[in-house]
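There are structures below to look over.
The two complexes that follow have chain A in common; it is paired with chain B in the first and with chain C in the second.
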Partner chain A sequence: MDHPPRAASSRTELQMARSMCWHCQSEVAGEYFCERCVKVQPLSKEQDYFTCLGLPRLLTIDATGLENKFYEMSRSFHPDFYQTKTDTERTISLGNSALLNAAYRTLKDPIQRAEYLVRLEAGSVKEIRNQPPADLFEEILSLQDDLEEFRAASGQPSADLTALQAKLQSDCETLEQRQRDMESRLFELFETWDRLQRQTEPTEPVRAKKESVLKEMRELLSNRTYVRNIVNDLVATVG
Partner chain B sequence: MTRIVGIDLGTTNSLIAYMDGKTPTVVPGRNGRTMVPSVVAMTDNGLIVGDAAKEHLVRNPERTIYSVKRFMGKGLADVQSEVPYFPYTLHEQGGVIRIRIGDKSYSPPQISAMILKELKQRAEGHLGESITKAVITVPAYFNDSQRQATKDAGMIAGLEVLRIINEPTAASLAYGLQERTQGTIAVYDLGGGTFDISILKLKNGIFEVLATNGDTHLGGDDLDRVIGDVFAKDIRDQYGIDINLHADDMQSLRLEAERAKIRLSDDLKTSVTLNLPDGKGQYRRELTRDQLEGLTLPLIERSLGPCRLALKDAGLTPADIDEVVLVGGSTRMPLVRQRVEALFGKTPHWNLNPDEVVALGAAVQADILSGGTTDMLLLDVTPLSLGIETMGGVVSSLIRRNTTIPTSAKEMFTTYVDGQTSVDIHILQGERELAKDNRSLARFQLKMPPLPAGVPRIEVTFLIDANGILNVSARDVRTGATQSVAVKPSYGLSDDEVERMIGESFKFAAEDFKARQLIEARNEAEAILQATNKALGQGGHLLTADDLTAIKSSLAALEGARLTEDHKAIRTRIQDVEKVTHHFAELLMDTSLKEALQNKSLSEMTEHSEKA
Partner chain C sequence: MAYSEKVVDHFNNPRNMGSFKKEEDGVGTGIVGAPECGDVMKLQIKVQNDTIVDAKFKTFGCGSAIASSSLATEWLKGKTVEEAGKIKNTDIVQELNLPPVKIHCSVLAEDAIKAALADYKKKEDGKETVK
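Right, the complex of A and B next:
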């Protein structure tokens, strides 16, 4: 824990206008360092992760390119390189690094990337329903029952238990396949989204299509999370 | 820019290193050894640290503290199972373990500070300048409390701790610098008390940690214990003696177990000898490497679970690992090497000294912080998930384990009752669902404006800095006003306590200085006695009877003075011996060793002849 009286935990909140260098008040327009006094500039807290990493809002991302950009920006912002600088610069470096790390972590993983994009474009995807996907409702309900039964009976080996375990393992495989199917569909939608997003002058049908792609992705992401949680539960219980 | 040193504050041994130009270098002691045993003895003459303190383990077990790192950032309940193994008395105060020595109590950071001071003085002597800034290493799997305790230790020792850095990542820096390693590497670090596994990607000077895992209670100490337990059982069965009741013999047993383990890294069998308590004879047995491996296999297997978890978290399989690097003294055991090789499917290597590589890496990190090295950058992660307790004792996760640091998470808090003026927040670290199964880090109280329920909006930012240490700040979203957060650590010293301990450490310094002078004078006396006696053996026939008598009586006087507590008297006798042997040294030089040894003192000369 940091003890406030000892360390400077009451760091001055840095909420400076992005248009002016905090140090020499000259114009800055999104550069990381002021052109005049070369001081590091805070990344705007409102900046989204795509903008932070200098990327268009597309879902297909070249992993090596992203990693290189992350490394390059880490070299600009990491607190290790600000140890000898002023408190203000160190605070900016800390905030920028934390934002950069969050941006990279989110965009590096395709699922998190998609969740983030859907949230940016169309509100929260975190409202994951507590109901199983409609078409799997019956199947999952009976699976939950089996799982309860298995948990209750485990510890007393019997032929029934072995049979139940085999059934659960096969259900698990089915669900894993189901998860993979959802992911392939999701990645198809990545391409659709990117194609639509590249249209410079989106027409009304393009906008409508984007809406429906986002909606389907949100559905898929939410169902996938549900299925994955059950799979994890199954793997932990029956191996 | 003042120099920043790198310190490996280990369970068993500690080291201090610096950058000599572009080369990280460990500071050697007067005896040439780079490792300072992490042992502190509180003698009647004051404080002794390191090699000299190690001698007190057997002589003075209740007043000699070792393996204090195991207690850093812990409460008494955390270490209950190992309390019987330690000869000193532990108690708890304010959630922090205290070690009672006589009528005084010391916190683990205070003891660690004594070791840090010893290292600091060693570096100051070697470099001829004052040392005030340091990078200190900790096991990667250390939690927030353990890191903060290490930082406190630095402050008590009069060091500004610029960075707490993880041991396996420090090692990777040393490898990256000296071996130009690239690709994906696994650093397997089994030390005296802790185990870490870190998986890193090394690319163009960036050291990105992908995942880390470990066990902060698994190391050489634990291996020694299972071996020692066998000896203790033998002694009970064969002689009916419960060695646990004899603190000094327990220490001899522990040290003999450690030595046998070390010997069995080279030999296939070794013999163990221990003097039994109260002059009841000797215990002897043979220990084979097979037996050792049978005893220690379960412990070594325990390290493989974290390795698999780290691989899983990194999204990798063993085949994706390009190199496996071994760090820590315990990796000298052939069984460790075999098990690691079997898991990763490739031969691990230890091209750099596994005892020194962490300190060397800390020196590299120190150089990065001072602006000396700019082409290397370490991107480390937080080892444990961080969360807060919510309704029903469930943990709401804020920051996942293996998240690159620095990182921050924001959480909005409000009130449930009209006019409620505060909300209590409990911060935890760990991977479990329920608060009670995780490590409590700290609690704090958030002040709320007295408004209808649900109206106040206080945004709390949890920031894990580059040290892996949590910082908390709060802001009223409605007014924009920031609120200072007085965080009360669950297992840590309060600010006042740290302040007081810094004050005390200055007070002790005077006593310590006296003890140090005595030890140094005694060591010097011993060296000169040995050297002169050796020289007499080689060239005594060159002397006249009078000279011989004079030398012998000066040696006897020094021998006598050495046993007193008076360092000034010892110094005077040393000078006397030097005076009466001056002629003898010249004689020796003129005769047998003329050509090579111009202007050398007697002791240096015999050193040379030893090597020749």
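Right, the complex of A and C next:
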């Protein structure tokens, strides 16, 4: 983000280094193993999780396909299979497995996947920082005050306490519904994003639309996190 | 990862927890949130003659966020409005020994201070135009 030209050139260097087998120096045509000497090749640390798992940067992912790909790659890189190999190969196997695990863990969960994609794409969006949701904060603080009051009074049952509990339970249901609504909207945006990503020629309107989708997703993701936290607190106390 | 002793101390004995009435004269309120973890922090200052005479906070989040805001209120008391604006998140990181993954908690506290100061100034400016 700070120095785009430099970042780009270092990436090219890495790709160039990557395209040569560390062992036999032949050009690596195979994806994960050298075609000539069959040695395992390191996944580039610069690689994003989508690339690592051989996926396009789309948000709708076939869960079974992803799982199969993960298992297949895990079998290729698992440190257990490298115990008798050289130090270099053992190190590569460890590094690749760690990257692969992180990639799979992030991408299999739709929320984490979206958060990751928004972060990845953040560089291409001009002004992605959203306004903090002041009204939501007020709402959360007021609910937390109610929760505090409830916890403080929960030793001595009273009519007021019962009423407060009922109010908090109903607030909790409303917020759970809001969280679900945010998630449905988010999944709608997944489809919009994927449709835009598939456009072969990214015209200006497509770019602008993508930017607005990323912005809305980012806002939904952060608001959802705030709502989820207060829902968890409510459920833990009055649920 | 273990919290530092200072974080645990602020977490167990938070200083200046609570709130002032927002409308009260000389009170500035800052409410900020960390979108990554969903923590919400409210920090308030009470100013008399350009000096912060009292500060309060309410933070809903992790131990580091609570400790950062608790420490911030301690530091704010007795400072002038201008001095308060100079508190940096890095000071908080240093004092509390926050690990890299918790640096955003200190950023949140700095943002809250800035927001409270801005709110106070806005209120003061509003008063002048009314006069």
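Criterion: the second predicted complex is superposed on the first by the 202 of 239 C-alpha atoms of A that agree within 3 Å, B and C clash if a C-alpha of one lies under 4 Å from a C-alpha of the other, contacts with A are read in each partner's own complex, and residues count from 1 in each chain.
Convention: contacts are C-beta pairs under 8 Å (C-beta built on N, C-alpha and C of every residue); 3 or more make two chains touch, one makes a residue touch a chain.
The model shown is predicted, which means the values in this text are computed figures rather than measured ones.
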(message) After superposing on the shared chain, does chain C or chain B touch more chain A residues?
(response) B
(request) For A:Gln144, select first, second, both or neither according to whether it touches chain B, chain C, the two together, or no partner. (result) second
(message) A:Arg105 in the overlay: touching chain B, chain C, both, or neither? Say first, second, both or neither.
(response) first
(request) Check the residue A:Thr84 against both partner chains and state whether it touches chain B (first), chain C (second), both, or neither. (result) first
(message) Contact-wise, after the overlay, does A:Ser184 reach chain B, chain C, both or neither (first, second, both, neither)?
(response) neither
(message) Looking at A:Pro133, would you say it contacts chain B, chain C, both, or neither? Reply first, second, both or neither.
(response) second
(message) Applying the document's definition of touch, where does A:Ser222 land relative to chain B and chain C: first, second, both, or neither?
(response) second
(message) Just to be sure I read the superposition right, which of the two partners does A:Asp233 touch: chain B = first, chain C = second, or both, or neither?
(response) second
(message) Quick check on my understanding: which residues of chain A belong to both its chain B contact set and its chain C contact set?
(response) none
(request) Write out the stretch or stretches of chain C touching chain A in their complex. (result) 31-33, 35-40, 42, 58, 60
(request) Give every residue of chain A touching chain C within the complex, in rising order. (result) 130, 132-134, 137-138, 140-141, 144, 218, 221-222, 225-226, 228-230, 233
(message) For the complex, give me every residue of chain A touching chain B.
(response) 1-7, 9-11, 13, 67, 71, 74-75, 78-81, 83-84, 94-95, 97-98, 101-102, 104-105
(request) Mind listing the chain B positions that touch chain A in their complex? (result) 1, 144-145, 148, 162-163, 203-204, 206, 208, 365, 368-371, 374, 377-379, 403-408, 441-442, 463, 465-466, 469-473, 475, 482, 484-487, 489, 492, 494-495, 498
